[in-house]
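One chain, chain A, appears in both complexes that follow, with chain B as partner in the first and chain C in the second.
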Partner chain A sequence: MPADGTSRRSFLQGGAAVLGGAALALGGRAVVDAATADPADAAAPDDAAGRATVAFRGERQPGVTTRPQAFAAFVALDLVDGFDRDALVRLMRIWTDDAERLMAGTPGLADQEKELAAVPARLTVTFGYGPRVFEAAGLADRAPGWLRPLPAFGVDRLEDAWTGGDLVLQVCADDEVTVSHAVRLLVKDARTFTTVRWVQRGFRHAPGTTPSGTTMRNLMGQVDGTRNPDVGVEPALVWSSDDAGPAHAGSTSMVVRRIAMNLDTWDELDRDGREKAVGRRLDTGAPLTGTREHDEPDLDAKGPNGLTVIGPFAHIRRARSENTAERFLRRGYNYDDAPAPGRLSNSGLVFTTFQRDVDAQFVPIQRRLDELDLLNEWTTPIGSAVFYVPGGARSGEYVGQRLLEA
Partner chain B sequence: MNTQHTPARTSAVRRSAAAVAALGLVATLAACGADADAATGGDEAASLSIADTWVKATDEGMTAAFGVVTNDSDEDVTIVSATTDASPTAELHTMTMGDDGSMTMVEKDGGFVVPSGGTLAFEPGGDHIMIMGVTEPILPGDDVEVTLTLDDGSTLDFAAAGRTYTGANETYGEDDTEHAGHDMGDMDMSTDGATDAGDDH
Partner chain C sequence: MPADGTSRRSFLQGGAAVLGGAALALGGRAVVDAATADPADAAAPDDAAGRATVAFRGERQPGVTTRPQAFAAFVALDLVDGFDRDALVRLMRIWTDDAERLMAGTPGLADQEKELAAVPARLTVTFGYGPRVFEAAGLADRAPGWLRPLPAFGVDRLEDAWTGGDLVLQVCADDEVTVSHAVRLLVKDARTFTTVRWVQRGFRHAPGTTPSGTTMRNLMGQVDGTRNPDVGVEPALVWSSDDAGPAHAGSTSMVVRRIAMNLDTWDELDRDGREKAVGRRLDTGAPLTGTREHDEPDLDAKGPNGLTVIGPFAHIRRARSENTAERFLRRGYNYDDAPAPGRLSNSGLVFTTFQRDVDAQFVPIQRRLDELDLLNEWTTPIGSAVFYVPGGARSGEYVGQRLLEA
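And then the complex of A and B:
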């Protein structure tokens, strides 16, 4: 079969040439890396993103100020009848144990898919309590005043399918298989304690695809999250301190709002209109009065027509309060689910925020946006939930132990 | 709203379990050293440790406990029996293949050898610590105390953490008619049929 032999040989020769080219390219790259980068970086294994871990134990739970991972799942659970303080303790002991194991890249205790635990990929598991946990555990007197559904807003079109919940799991990792496995194990752990109320999955750019520190983009194409506070500098925006008492030290709150984006009507808006709606440029994320993303917007600057460059209706003007206490940490994720029959898209944002006090920080801003925000034309809140995030598990503790026992 | 309800066994277990790094990640004899009866008789137990210990939660009847035993000594060590505070009866079981190729569990004659410098895994579908006659529920998240006795009379105590688990539905061999038709744990064998763990992999 000479024909076969020829083609096989030419394939091999071609392959060798390609391989040679690749080797050359790699060699060239290695020289560049050696000249410009830390040798340790050049030696990083190609599965470094999968091996990376986040510490589980500490005064505060992980997954809040952790640099956002690429993928997230939010799972709201409802308590079964008869759930009491003893049940909460038992559930949190189980969840603490398995979360710690999984975040370290090891299987859960009764894990039936052990191999799926081998890629921690910066996995974090964050636990939150709705009001009913406090009631069921006999802790109603310890529940913060803000732990209740957000006030009704005019823009809301809330659906039961994405609203409320007695417990929440926020599971984030730089690998979606890792997220899936962790959610599966943790929900199985809880099956005699809870039922699943809703699950929301979200994503950002995958690890290694954008320079670190890049602000995420939402599916409307906007740079989203430029104004996030530096919680390291201003911890009180997010974390309760010792002043809150030992039960609450290291705690925070989580708001999960599902914001549907009508990308099909957004398509009808040209680029100039899109930028005016937000008050930022689409390419750089810079305010319309600046040139770089983190330039401070000049809300008083006027254009040639005498009108403010950043309009009265612009999102960044409306989202900003004179009161600097009215800020919070955004940690949202895009969603892009299957559209309903006859529709083109079903996209939006799992808008997740952390703040020390929902009423003092989140609600005032949401009221401003409810009153006026041009983006409301294309965005609709369809889900809403508020959770208390207890302090982290220090050595020997389960998550939430100090809330129960302090 | 019930803040008082704490089963007697639970509270007793919680106290002792606190020493086990709260969560039983690794229970070694050293960690359990505060327990008065951690090691009695000979000293073989001093060379053993056990990690990842758990028990399949159940309301009543039979269940099983699991974990990985490590032998750090230069001598093989034999585990000859098991007891637990969760039930009057515990046995050491292994899996055996029947004539039809299905796996059934039988009591392990002579106990289990933990090889020198090696490990013995008690796991669903394999060797396990069978717990029979449970009358007080073993709840997920509670611990039960298990004691393994070695051939020199020394003992290895550990807390096994209750976990909801729908596997580990091993069936008994036909010679063990006393237990035939029962499964480990509280799962729905009546509707599920006899699941032979590890039968076709």
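And then the complex of A and C:
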């Protein structure tokens, strides 16, 4: 079974689809015909990306170490007055049921657009709690110490419109229609309990448009996310273990930062300046001291002028700590919204990270970047939120059950 | 060569890609490995959708009869004071050059994010002119009579934010990063001539997620676009011919209507009510008098109660004219933006149509729908714009040259 939990059924369908495609390719002209095939032909083999599913049940929630899908929506919800532990349990039972159904490519229980559920496209739904959920549920003593707004950073220009939230939904899929449908159903499930605080949508390259394993590029043109840790090898960077007690086993945390890019001033910088700001080549993503994207940067290497090749304020130097515990999993998405009057664009990153402990892993790195990072010149954090991501729903459980009932 | 002009080169690459995928599928476990393959492996065969290109040069612009890509951005620009014919020619030369390069998967001339141009993903760029372009260029006498705002319809609740515009760019691709990059470059090209009036982005199912030839569904869950005419068979529905004179040969018109869906009240309708409102089954998209999506509706068929099966106000009855000239090509996209405070969603259609003559084809149908159409209950036009789409750039020409220099 693939590492990200794609089901055997969808994997086999995918394999069959590829074989079907090959048969057409061998026939030459037949491939062309496929593009205009009768839509009633249910055996058409070219929807493998739509049929793929990710397993919902498990000790940990999906959507964290799942290979990032092409599209994401992040929805922050605020609790209505009177929301209590019973309401939370009721909501999590409904959400669990609908998330499981949708991720399998079947409609939710009260789904009125059932047909839109038919393309799972590796849909994942990930639920997170802000500090107020613990208070409302009478579980403040179980809230991790790091579950609070991040410290104020000098670079921040936070807007209420993108900051905070009591609950979060991360909905990701390789199809945007699927994301829209799932978001709509899950937000409706919660309508008596919550109001929508913010919605952020993002994208990476669409399925089948870049070779598997390609690191995404952001809209500044940079390869973005090369040094993500391998959580399969180092699970403790992201996941709480049984040592954390039954309430927290399999949990993690999600930080959602909205980072605006000032592409107009970025345009004033030439390629050499851009590469020095980041410390990597624009074309390959290789560090300035290497030739391939995943080469280890040599932070001590000096150029003919006696200065370090990777400058003291280069992003990759500042984003890196001597302390190897200070790492986390990045899982961000580009955004590109309609520009404000008089502007050319409104682009940036929904910069999302997962880590076991926000204070121990995320905050120290963010402080380093806040103090000195050339990229601060062209990027501005305009939103920020921190969420606790409870463990997954094992067989018979609802998401969060071990936290709420342990 | 495929009907939509996908180049032979990309077609061959696509075929090879499928074969490569099949080889992996035959090996079984190897498919799984492909998902985590070394990103440096440039031979990875799974980016066929990203490599595909659409031909730029021709009598007609691309992006009209091109099989709809998964993503679109529509950008309306307003001319700055002093914009004249020389400025228009200069702008169209620059835009032509950049559109041709980008559609081939190569960077624009002043492209500062060259790497983002490497995934053409069937990119098309289509240029359109509002009435002011003809005035500014001193060519008011060449402007078609239909080139003006649509008549006011009773259902309209038009907002300035989505209405009008002097120039339009329609940028479509099977990859959203590609769309963003192209839009950014083309808007920058025009920055000394124009200001951005509105940007509307939309999506359909992503590549590889539904069988080829599947009609899109909108976010109300309906199959949407079944009765699109086959423009290959009836080109005169969309394209002006040589009879129109050299200035207009190969031209068409684009109407962009932003249609908000009130999903909250739509939810109050059960499936039977929804099917009656449209006149089609939700599951198959078949007319209520048929069993398959493309079955011809029988508008006279009566049910056991003696009433017509497809009701008098059903959308498919109202959208259909006795006059077969009153048809046009629909090429719309879903939108799903962040909801306003207190709302659950903000969804709808960027309803885009192409037709030879707006007054003769689009307006009569729109009047019929305005008078009586059950769907008006749940949909509201909030934006509207009409553009002239000049003929394409043949070898050595810029887009619009025959109009401007004939």
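A few remarks follow.
Simple rule for what comes next: the second predicted complex is superposed on the first by the 363 of 406 C-alpha atoms of A that agree within 3 Å, B and C clash if a C-alpha of one lies under 4 Å from a C-alpha of the other, contacts with A are read in each partner's own complex, and residues count from 1 in each chain.
The working rule: contacts are C-beta pairs under 8 Å (C-beta built on N, C-alpha and C of every residue); 3 or more make two chains touch, one makes a residue touch a chain.
These figures come from a predicted structure and were not determined experimentally.
In the superposition on chain A, contact is made by A:L91 with chain B only, not with chain C.
By the touch criterion stated above, A:D160 is placed in contact with neither chain B nor chain C. When the two complexes are overlaid on their common chain A, residue A:G50 makes contact with chain C while staying clear of chain B.
In the superposition on chain A, A:E100 makes contact with chain B only, while chain C stays out of contact range. When both complexes are overlaid on chain A, the residue A:E322 reaches neither chain B nor chain C.
In the superposed model, A:L109 lies in contact with chain B only, and not with chain C. In the superposed model, A:D300 lies in contact with neither chain B nor chain C.
Once chain A of one complex is fitted onto chain A of the other, the partner contacts of A:V187 are limited to chain C, with no touch recorded for chain B. In the superposed pair of complexes, A:A137 makes contact with chain B only, with no contact to chain C. Residue overlap on chain A between the chain B contacts of one complex and the chain C contacts of the other covers 112, 188, 191. Residues 1-3, 5-7, 10, 18, 21-25, 52, 54, 56-57, 139-142, 161-165, 167 of chain B touch chain A in their complex. Taken together, the chain A residues at the contact with chain B in this complex read 84-87, 89-91, 93-94, 96-97, 100-101, 109-110, 112, 135-138, 188-189, 191-193, 396-398. Listed in rising order, the residues of chain C touching chain A in the complex are 1-4, 11, 14-16, 18-19, 21-22, 24-26, 28, 31-32, 34-42, 44-50, 67, 70-71, 112-116, 119, 121, 174-178, 180-181, 183-184, 187-188, 191, 195-196, 198-201, 203-215, 217, 219-221, 263, 266-267, 271, 282-283, 292-294, 334, 336, 338-339, 342-345, 347.
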